[in-house]
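Structure incoming, see below.
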Amino acid sequence: MRDGDDVARLIVACPDRSGIIAALSSLLADNSANIISSDQYSTDPEGGRFFLRMEFHLEGLADRREAIEDRLAGIAGEFAMDWRIAVAGVRQRVALFASRHEHCALDLLWRWQRGELDAEIVAVVSNHPELEKHVRPFGVPYHHVPVTPEGKGGAEERELDLLAGKVDLVVLARYMQVLSNDFLERIGAPVINIHHSFLPAFAGPAPYAQAHERGVKLIGATAHYATEDLDEGPIIEQGVARVSHRDTPTELARIGRDLERVVLARAVQWHLEDRVIVDGNRTIVF
Amino acid sequence: MRDGDDVARLIVACPDRSGIIAALSSLLADNSANIISSDQYSTDPEGGRFFLRMEFHLEGLADRREAIEDRLAGIAGEFAMDWRIAVAGVRQRVALFASRHEHCALDLLWRWQRGELDAEIVAVVSNHPELEKHVRPFGVPYHHVPVTPEGKGGAEERELDLLAGKVDLVVLARYMQVLSNDFLERIGAPVINIHHSFLPAFAGPAPYAQAHERGVKLIGATAHYATEDLDEGPIIEQGVARVSHRDTPTELARIGRDLERVVLARAVQWHLEDRVIVDGNRTIVF
Amino acid sequence: MRDGDDVARLIVACPDRSGIIAALSSLLADNSANIISSDQYSTDPEGGRFFLRMEFHLEGLADRREAIEDRLAGIAGEFAMDWRIAVAGVRQRVALFASRHEHCALDLLWRWQRGELDAEIVAVVSNHPELEKHVRPFGVPYHHVPVTPEGKGGAEERELDLLAGKVDLVVLARYMQVLSNDFLERIGAPVINIHHSFLPAFAGPAPYAQAHERGVKLIGATAHYATEDLDEGPIIEQGVARVSHRDTPTELARIGRDLERVVLARAVQWHLEDRVIVDGNRTIVF
Amino acid sequence: MRDGDDVARLIVACPDRSGIIAALSSLLADNSANIISSDQYSTDPEGGRFFLRMEFHLEGLADRREAIEDRLAGIAGEFAMDWRIAVAGVRQRVALFASRHEHCALDLLWRWQRGELDAEIVAVVSNHPELEKHVRPFGVPYHHVPVTPEGKGGAEERELDLLAGKVDLVVLARYMQVLSNDFLERIGAPVINIHHSFLPAFAGPAPYAQAHERGVKLIGATAHYATEDLDEGPIIEQGVARVSHRDTPTELARIGRDLERVVLARAVQWHLEDRVIVDGNRTIVF
């Protein structure tokens, strides 16, 4: 087993042109790093934008990182690159927001306990007290922050106090409250939401009721980054399940819960592994 | 092998109450019919609407049909039933409408030739001449009916001349023209359309371009009955396929063609087997 | 909402012939029962075996059950029927057997707590102590019954003491021990197992290692009734997930866990709803 | 649109170590080639085997290929590489073998005519005459080579006469004859077969009858390279479809035909794009 402190991911975005991979892989080779995996994508090989994720192993990475970053800065200048290096062993701090529906939050906690999610879950925030007993066995602090129609701003202030600057990712695990644009700006971390429909179909509230009303033969779930436009953010992952005329909205919700758990877990895992790059309103998932 | 002339399907819709199945199955038993399959559905066992499809075998059905229908009329009066009997051996007459995209039309012709579609395909209508050479080997008449922006009404008149009263089903196999409400009323047969998206997402033109723009991770296809509200008719069947950021709209179209073929073929087959019952803007598929 | 004590399921198997449904539905209609759903299947309409599941509502069922069963016995004699009536409101008693792998057992407990499984989970039995802390919050008794290579018989005796005659269903939720034929006979209840492969591929131990070795592009999970021939019992449900050359056996196991949970939960739910009928080594799932 | 003569794929396999990508990408960058896509995989970053597929664009490739290959030979020596360069614009010559079942062969011909398969289909070989009328409209020569129980060797000799040295790929599109090991060796091209089951389940003849007998809930199809051990060759792609107790072997075959078409088409397309690398009895599909 490799030490996660010696494994890192180089994420790059820049205008596409010849020589990018040669420059980056030579830099790594000169430092005796071994490339574990490499993915790239260009929106258009002629004049498009180029994206890359290179995972590499380098013994004693901590000591050599500064030298590598110095040289990377030079290459980045030449190619007009945006770049970052994420060390695999540095676990991201994650906060889960949940409501009364516990399935997504509990599922993420299970996977985390099993070692499937390489992160530190630092808090569960809920506007209801019911989940606390379920969360306690996982040893994660539970914060009950009630939300009242008048007091929404107050709840967000309290959440920001708890979390701003202390988390690297917020996951809305069927949190049924809309977060304000102000919150999204101030939280200082990306926010992943699970919507219980196959977006862009059935955006907005009560998607299972909408799906039943329209008589669709498949229902879906969509994990996406939350943006100020509700249900409009970049999509990370989607899934569907077959339904029939026999399924009431309640049955659709039951079937959908299995979808939501799996789709959200995949999106969170990919995000934590630095596989998701946002390109405008779309995502590249390596 | 049973003779299709001795197999029939009884389709019933009525207010739900106790005794419906007893009345219908007793009628069949009294006539020594054997029920091959039976499906039922109630929108609500208390006060809802009840739907039933019963397939039965009855030797010498042709001679006994009138007597059975007489007694059925009595039961129907008692239970306020809409009903019809479709004899399996009476093949429905089907017209295919196609445009330049040949994949759906050819796929249906191929399945038909293989014996998968129990129907008589009586005509292929297209606003382009290109498909004729492909259709000829199947022995189905090909009608080239050009559509001009000014002459749309004229084209529809010609199509109605060709088909009205002579077909039991029209299939729009990627026919890229919108049919007028007048046409839908006068053609005198149900019309099934395949839309190349997971409706209600991406209704309207160029759904693959829309899907690419939105960055979805799955694309879909939807077979539905055509109604005066474009892309709004009752959905019969849907399917999806996984895509990624790498897929251009052209790639989405290629992947989608496989979906469209399969989804449309299922919908047509189910319709021909009298499995699809329209209930408002939804379908019951038995 | 209907009272479950007034809803029952009539399960019937007999030689196929004309008049079965008429006889049964007339019996129910004469008692003013309303048929909620009805499914039937015949292995061959001429000379085959007929299977039926009819769910009906009858107010005051408890008081009228004896009279109905008396008349049913008469019909059963006439048609050579095997039959039983299961009252929806009588919850089956279920025991879960687990090993160190907790995902299937916890998933069933979670669904049960959510109301998805209409049963009474009366015991969790494990040959390891680790799961106890996870099971406790659900309020279900946990029995740690160690199994040693020499003491297998002893463990089974203790399990039989705990459960024989006190459970209606045993679920092997990734219980990694083979149960003896003697146990299966004496437990007096059906046993559902989840095998972590797409049976009949990769029967036996270490299916994920076998799947990796063979280089398959999909992995599967199979829920089946346990019989004396290991991995050979009637299949209730199966599922698959896509994998690639990149997935190690450990990754396959991780992906497979999601499959196993969903496939086993479906099989157990269907069994509890009396939807699964065993026909030789195959199942009919209504 | 790029000229396919200026696009090539470099395929490499070698022991994994640091510096491989740097050496190859520098070679390409020094020649002003632009890497369009790059995929790599290592069976084990420490001491495993490394595989790579790099697609690149290089204007005037034909003139510069020799110089590049010379330098590649040097790198290959240093890293103990197996390698080859395939020019995208050089279309592979493909022969289709079919039997009475036409669906796979016709589907590949359709896709080819539509431009989905970048190849030259040079021959259809069948042991039956029936397909000729279907193949004729595609303009591909049809060779009827009858196979008799005694004359199998003679048929293979005739097929070798027709094709050996003249094709780059043979596709067994539901060709129901077993090819001898001698044929596989002498044909001088890889052979892709479609087996109508989810291998390794139901290897051998009549897989749909076997699947029905075992009572599985999903059926599958498997595209693999043919080797001397029947149904044991490296798997390229697999697919499954849901079935139920209602489906007879005939129904399974009908449902399976849709699977077979899609699974085989994907395998052939990936092979033609040089995406499939054989590693022992497994495939890497980039």
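Just so it is clear, A, B, C and D label the chains in written order, and each chain counts residues from 1 on its own.
What we mean here is this: a residue touches a chain if its C-beta (ideal position, glycine included) is under 8 Å from a C-beta of that chain, and two chains touch if they have at least 3 such contacts.
Please read these numbers as outputs of a predicted model, since none were measured by experiment.
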{"item": "Same or different residue numbers at the subunit C/subunit D copy interface, by half rule", "value": "same"}
{"item": "Relative to subunit C, chain with the most remote C-alpha centre", "value": "D"}
{"item": "Distance between chain centroids, defined by C-alpha means - subunit B, subunit C (Å)", "value": "37"}
{"item": "Inter-chain centre distance, subunit C versus subunit D - centres from mean C-alpha coordinates, in Å", "value": "42"}
{"item": "For subunit A, residues that touch 2 or more chains besides their own", "value": "41"}
{"item": "Contacting residues of subunit B [partner subunit A, same complex]", "value": "41, 198-202, 214-218, 220, 234-240, 244-246, 279, 281-285"}
{"item": "Touch list for subunit B against partner subunit D, complex", "value": "103, 106, 110, 114, 116, 133-134, 137, 254, 258, 262"}
{"item": "Subunit D-facing residues of subunit A, complex", "value": "2, 16-23, 25-26, 28-30, 32-42, 45, 57"}
